[in-house]
Structure formats: structure tokens, C-alpha cells
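I have a structure I would like to understand better, so I am pasting it below and will then ask my questions one at a time.
Chain nomenclature is as follows: A, B, C and D, assigned in order of appearance, with residue numbering initiated at 1 for each chain independently.
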Amino acid sequence: MNMPDPIYGLIYIFIFPGFLFLFAYALFLAFLDRKIAARMQQRVGPPFFQPFADFIKMLGKEVIDPAGVDRAIFDAAPLVALAAVITAYLYVPIIGNSPFAFQGDLVVVLYLMSLPTLVLFLLGWLSRNIFSAIGGIRSVTQLFIYEVPFFLALLTPAMMAGTWSISGIVLWQQKNMWFVFLQPISFVIALIGLQAKLERTPFDIPEAETEIVAGPWTELTGRRLAIMDLAIDVSMVVGSALIAALFLGGPMIPWAVTPIWLEGVIGFFLFLAKTLAVLLILSSIEVATGRIRIDQLNDIGWKYIAGASIVQVGIVLVMNYLWGSA
Amino acid sequence: MTESLTLDIVAGKMKEFGNAEQVRKNRIRITTPPDRVHEAIRMIQAIFGFDRLITISAVDNGRTLELVYHLTGPHRMVVSIAVELPRDQPAIPTTSDILPSAAIYERQIHDLFGIQFPGHPRLTKIILNEDWPQDEFPLRKDWEPHADTFYGGIRKERI
Amino acid sequence: MSVLREMFENLLSRPITILYPKEKVPVPGAFRGRVAITDEKCIGCSKCSLVCPAQAITMVEGQREVEFKGKNLTRKKRPQVKLYKCIRCGLCERHCPTGAIYLKNELSCSGTDREMVVT
Amino acid sequence: MPILSTAVSGRRGSDMPEVVVSIGPHHPALKEPVNFKVVVDGEKIVRLELDLSYNHRGIEKAAEQRDFVRVLPLMERVCGICSHAHSTAFAKGIEEIMQLEIPPRAQYIRTIIAELERMHSHLLWLGVAAHLIGFNTLFMWTWRDREAVQDTVEEMSGNRVHYGMNEVGGVRRDLTPAQVTAALGRLPNLEERINKYVDMVNYEETMLIRFRGVGKLSKEEALRYGTVGPTARASGVDYDIRKDDPYLAYADAPWSVVTDTNGDVYGRTRVRIWEAQESLKIIRYCLENLPEGPIRVPAPKHAPKGEILSRYEAPRGELAHFIRTNGTDKVERVDIRTPTLANWTSVAMCLVNQNIADIPVIVAAIDPCLSCTSRITLLDKRTKRTDIISFDDLSRRMCSRDHGQE
């Protein structure tokens, strides 16, 4: 791995396609998600600046501390979640490959993406509120259910491509074929897992508003809520970009384009198109389903989803063996 | 739907509990003394299969407190068993042991009319708030809110 | 999956909700809205104030020459409706002998003035 | 209540204090103020205590002080969803005491409004139930289609909620031919939508998974606990006042009592949506065969001495108004037994041993209307310690246990 030019690196991190673009895009995706859901339900839906306005508004609201809460940790926890997901974002290819890519960054991204859930559990635990506590416990229970199949599903492309680097997997797909065609089961499981990770219906069990108010979010106010919301929006971008990279060929096109900047631009638009496609699928799932119960999720998760992902791993091993011998 | 009951059948079987009268089509009213209500309900359940309690109505008619138990069954006939209780120290044995759904109505009547139901498993405040003063029963005709009593919730001068 | 089909049909059709202050819903002609009084028709019989379940109508001084069933009379009082006590049940309209008090099909807005009256 | 102790399973041998989750009176799942103190073990409910006394408004007392003209708007305001049910039940009782014969046109108009009300109530309920399981799409769709019903009612009566159609002796407003045509014009579309919901209720997996087997109530239990309306009919009890004790135009209209044998929330959903279909039939019949004639008869100011139990099949179940008059222009006593009150006992019974996640669904399955009810029930005889425990106790307990699924 060769270190990038420092100025390019700074621009990459902070402006484009780094944090600034990331926040804008995350809020845009949040808007789009709400708008799609609204239109599918035949509502008008929010105007495009709504998530941004919400974010600003919540930053300005008073922060209320529940009695007896540890303020420092309570303040820090949402920041940790946000930091984790935006770090994960740096390794996901947006315009061509990430300059920070290294062998094994897939594992890092997966690890960083699990952090918001753990932070949610922590918040639920720290809130000293019974709804939050139940929500926190539910979120960890759910984490144990979906994380295994989700990881397995995202690692099968790596197994087939023979590399732990996201860029490597993208390159392999550029040469061969998108993994969505090679491993459709993994693709479906990855979408389900992402839905569960983002705690959207039918997996919004930890924050089921009609049962436990808002779960771990109950006691979040002001900037804590704003930052935590942003962290979830960002992890939606990261998650859909990751799925786009691992299964839909990422920002690469199968033939070479002469000027290098044009390739970047095309890659960027491919990234947009693919993440939006993933978002459309996620929104459709959200609109088309209701919440399931945690025991039913346990049932489905371990019986079918985990089973299917293991079957997929087996198929990949067989395919690898056949291709290796061929 | 089984055969519909007529006044004669009901009146004949329930003669010992008091006189029955046909109030209107498919409504029969039996007036009975308070201490026989339990027995009458059990009897009417056993003989005619009345399996459902519609409600227990309470009325303060100025002189006495009246309770009316309305029962119905598969024959879709409503039999009302009416009793009268004295205004001071009104009490009647509970029917919640034979009619589980009666418990909730009895508690409501206990709250609003101050009728005691000996044998009721949990005769606490149900419709009024917990800090409602004892011995004030708002649906009795002679009840007047007192200016100096706190009825829970909002003070009277603000009502 | 009829839900999926309907979802995507809806995605392509117009939303059914409206942006309220900019667009208005049609109010049916029979709507019971804000109460109104035609002072010329009122004969001051105070029937409306008697039937009003919310006791929103009080009779105030309002002497006037009125005509009712061909007779010329002098009424002493006229009704005054406390708008925010009114529940818009329409009983006053139903019982008014001359049709002087009626409900318009105009939305009665919320407000902060508890003592606002319609005369 | 003694019945509960048999149904409560003993806690599985732990001396830990019980966890009490206090839900309400302000909670997103509850549309009206009610408080549940739910004693849970993990995600399972051990038992619960209901506290329903947050909006007692003293309507029964207030009704004793108003004459028959002014009491009807009050009766409508007992409940927002079934406002017509209350005012019709009351008017029907008073008319029977006065021995007034209501003209058939008035009967039909009352029936039309009553069935429209039932339809909108059931659609509303379906939406709320879907919302409670997080299926917001169905919530939005049913409420969208409910607007058609509401618009019809608004056109006919002048208000979406408090219709104000009843008065002692008939109805206040007549239906013009234009209104009848408009209402009939809306029906085919509505019918198509309701048929779609019937399909969805029966085949939509996301609803089946949450509704099936939840809050089960057998036929015997349903009778024993005095359940009424769709809750009872879902358990196979075919009590329906419209058939048992026909009033208004129900004896003329072609319709049948809907029952189901499932007895769970799924059954209640099916009964409700099927009932909406039956309502459509009744409305269509009544609109098409609306008799000519006057819409009211003059009612005397005073009612003779008498008493009546006026029963009415409200959308939520049997509504009973016990009315006693004493020869004046006011009632001596009106005792309103709302369907929700009759159903509470069964709710408390079927919640035991269910998941916390199912509380909203089970409670909503009886379509509770607390503004009608406003009563407290505290359903347990056993004197087990159930304090609201401190957070430290909770965390100690939670840390010490395995929180996997049970």
C-alpha cells in the first residue's frame, strides 16, 4: 500500500468524496428514503432539505440529561458511532479505489460498521430508562442474530476473489463478473443484514416505537440525537456503498477509459446509481413489511438466514475448487 | 339459536325468587330480594343457559338504590334481575365468582354508588382516582361537591 | 404480492394528501362550521340559548323592531355566541323559528381569544 | 380477580424482584390515556395491571341534568369514533319509553350513518393495528380509504366525527337525492379497496406472522369473560345485537353475522374487515331502498316513567344504555356500558404469557375506546410484591441473567 499525496489525502478525507460530501449525501439519502416511502404510501412526503433542517434544528435544541446519567459517556457515545462509520466510509471505493485501501480493509469496515449498534446498546444502558434498557438489550440480541449471516454474506465475495481488500474484490469483478450474479443468495442476505443493521422495518425491533417508545433513542436529545441520527444515515451510505462495491462491481466499468479523471467521474456516477438502487430496495422492504418480533427474528435468523449463508459459503468453496482445478 | 323463552316458562321456574314480568319483546324482568340474587343467577344459568352478563346497572331512585343484572344467553333473551338496597349501608353478595365479568361492573358501582359487595376479590377504586375522598359517591342523587374537599386532580375552584 | 404492486403503482401516481395551507380541501355545502347570526331576522325568542348544550349562547340587550308571521314586534334581546365554547352541533339552527342563527360552511378556526363572540 | 391466578404461570424459580414496565398513560402505542403496569420476565408477560382512570368525565351525571334535546350532543361526545352509536342507543331508548314510532326514512338514514360509522371504525382499526406492528403502509392506505367514508358522512351530516343526525323522534337532516347518488358513487371504489384488504389480511405474510396465535381466546372464555362485538365473534360467539334484537332497518337489509373460529388477533382482524364488507351491503341496500316520507315525528317534551335497556351493536361491540326516566324532561339515570369495558377482562386474560412486543397488538385488538370507558381495573388477587423497582435492581437482574430468547 502506497501512501497518497498528503494534500490529495486531505481533500479526499474532508471535502470530496470525504466528510462534506458524505454528510450531504447521507442527508440526501435520508430524504430520498423518506420520500420514496411517502410516495409509495401515497403521501406527499418531506421537502428535500427536511433531514438537513432536522439536523440543524436538533443541534440547536436543549440537551436534557436524564437523572443520574453519566454525562461524559452519554455525550461521547454518539460521536464514537459517527466517527466509526465515517472512518469506515474512507475505505469504501467511491471514485475509483480508495487511496487508503489496504489488504484486509473489508474486515475493518465490517468491524467499524458494528460499532453504532454497540453504541446504541451502551446508550440504552446508560439512559437509566427501562424502555432504553429493553431497547438496548434488543439491539444486542438482534446484533447477534444478523451479524453472523451478514458477515458470512459479505465475506463470500472475498473468498471467491481471494483477497480481503474491497478494492481487490472490485477489481476481480471488473475482470470477471458481478458477484450479484455469482452469489445471489449472499446478495439477498447482505441486503437483509444491512436492513437489520440500520434497524429499519422489519428489523426495527430495538426502537419499536409502539412498544418501547424509541428504545435506546428515548433519552437522546439535542445534539446527541442529531449526531446519532447522522451516524445512522451515514452508515446507510456506507452500507449501500459496500454492497454496491462487493456485489455490484463498485465504481468500476469493465473497459478502460482514456483520461483518468473521466474514469473517476464515471465511477462516481456509477456509485451514485448503485447506491440509489440499493436504497430503493431497502426502502421497498421497509414499506412492504411490518415489524417482526424478536423471537420470530431469532427463529428466522438462525434457521433460515444463517443456514442460507452457510449454504452459500459451501457453494463458493465448491466453485472455488472447481475453478481452481479447471 | 335455541327456542326463544316465553314469560310463562321463566316465570314458572323462577317463581320462588319473585314475580317476573314481560317488559317488552324478549325482555323479562324479575324482581327479587337482595339475598337471593346469587342463587337466582345461578339458577337461571343452570336452567336456561344464560351465559353472559350484559351489565349491572345501578340506579339511585331517591329512596333506595336499585341494582339490575342483565343477562343474556344463546336464546337471545334478556332477563333483568332487579333488587333494591337500602341507602344506608347498602351491601349485596358479589356475583363475580359465578360471572367473572361482573367484577369490573361491581367495582364501578362500588365507586359511584358506594354499594359494598362482600366477597369481591378486589373492591378498590376503579373509575375515580385514588385520591377521591372516601364516602363520597358522585352518582347518588344527594351528592354535592364540597368546596373544601379535594377530589384529586383539579381543585374544585378551578373546575 | 399485491402490496408490492400497489406500492410501485403509487410511486408513479399522484399523492393523495395535500400541502394544506397552500391547497385547500373542498368543504361540502352541508358542513356545520362557524356559527353566524342574521340580526335582521332574529326575533329574540331565546330558544337558541335554551337548547344550546354547551351554553355558549347568552342573550344580551339588543332592542329592535322585528316582524314575525306578519306581526310587528319589539324584541328586547339578541343572542351572542361565545365562539370558542360553541361545539357546532347545530341545535340552535334546528330550533330557530326564523332561521336567523345558522352555521356557515366555513371552517371555524382555532384561536387564542377565549372571549370571542359572534353576534 | 380469582380467575387470574390459574392463568398466571409461576415465575421460574428466581427470587429476583419482578421487572415492571410501566406503559402509559403517555406512550406512542396508546392513542388514549391508559396505564399498564406489565410484570415481565425477559420478554414474556407474567401478568399486568391496568389503570384506565385518566379521563373520567362524569358524563352519566351530566346527562341527568340535561333535557332530551341537549343530552344528545352530550351522548355523541361520549366517544369520537362511535358517536352515532351512543346517540342512537340513547334516542332509541327514549323513543321506546315515549312509545314513538319512528318513520322508516329516519330509520334508514340512521342505519346508513351507523354502518358508515362501523366501516370507518373498522378501517381505522385495521390501520391502527397495522401501525402497531410497524406496517405503516397499510396504516396510510386504510386511512386514505377511510377518507371516502368520512367524506360521505360529512356530506350527509355536516361533520366528520360528531354527526349530530339524531334527535328524539327521528333524524335532523334529510338525505337529498344528490347525496344519495354521491354516496352510491363512492361505494364501488370502496368495495374494491375493502376486498383488497380482505386479501391482505388473509395472505399478507408480515401481518400473519404477528397476528396469528396472538391473544387467543376460546369460545368458552369469550363467553365467560363477557366479551362483546368482533372480539367475541372472532372466538365463534355469534352474538350480534343487530340480529338478536333487531333495531333500525337491520331486519330488512340483507346481511349476515360474521364469525371466525380463530379467536386470536388474526381472527379479530378478519371479522372486522368482513364486517366492513357486510356494512357495504347494508349501506347499498339502504341507499337504494330509501323509503319516502317524513324524517321525524314530533316528540313530547316529557317522557313517562319507565326504564329500558337499549342495546346497540356499536363498531366495537354491544353497547348498552340503561335508561330510567321519571316523568320529567330529564332522565333519572342513564347507565352506559361501553363495549370496551366489557372487553377489558378478556384482554387482561389473554395478555398473560405473551410477549411484550404483543401488548399493543392485543390491547388494540379489542379496539379499546378509553374515552368511552375510563375505568380502572386492577387484575390480580395475589399479593406478590410488585414495586416499581429501581434501575440498579434492574441492571443487576439483567446482568445476572442470560438474555437470550426463552
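Please note the rule applied: a contact is a pair of C-beta atoms (placed from the backbone, for glycine too) under 8 Å apart; a residue touches a chain by one contact, two chains touch by 3 or more.
Computed from a predicted model, the values in this text were never measured in an experiment.
Chain closest to the overall centre, judged by the mean of its C-alpha atoms against the mean of all protein C-alpha atoms: D.
Annotation: A-D is the more contact-rich of the chain pairs A-D and C-D, by number of C-beta pairs in contact.
Averaged C-alpha coordinates put the centre of chain B at 42 Å from the centre of chain C.
One finds 43 Å separating the Cα centroids of chain A and chain D. Chain centres here are Cα means. That of chain C falls 30 Å from that of chain D. Here the CA centre of chain A is 54 Å from the CA centre of chain C.
Within chain A, contacts with two or more other chains are made by residues 40-43, 287-288. Listed for chain C are residues 3, 7, 16, each touching two or more other chains.
Touching of two or more other chains is recorded for residues 137-138, 141, 144 of chain D. All chain pairs that count as touching, in label order, are A-C, A-D, B-D, C-D.
Contact residues on chain D toward chain B in their complex (touch as defined above): 1-3, 53, 56, 58, 60-61, 96, 223-226, 239, 244-245, 307-309, 311, 318, 320, 322, 324, 326, 332-333, 335, 337, 341-342, 344-345, 374-378, 380-381.
The touching residues of chain C, when paired with chain A in their complex, are 1, 3-4, 7-8, 10-11, 13, 15-19. Residues of chain C that touch chain D in their complex: 2-3, 6-7, 16, 28, 30-32, 51-54, 87-91, 94-95, 103. The residues of chain B lying in touch with chain D in their complex are 23-24, 26-27, 51-55, 57-61, 68, 70, 72, 76, 78, 80, 96-97, 99-101, 103-105, 107-108, 112, 121-122, 124-129, 138-139. On chain A, the positions that touch chain C within their shared complex are 36, 38-45, 284, 287-288.
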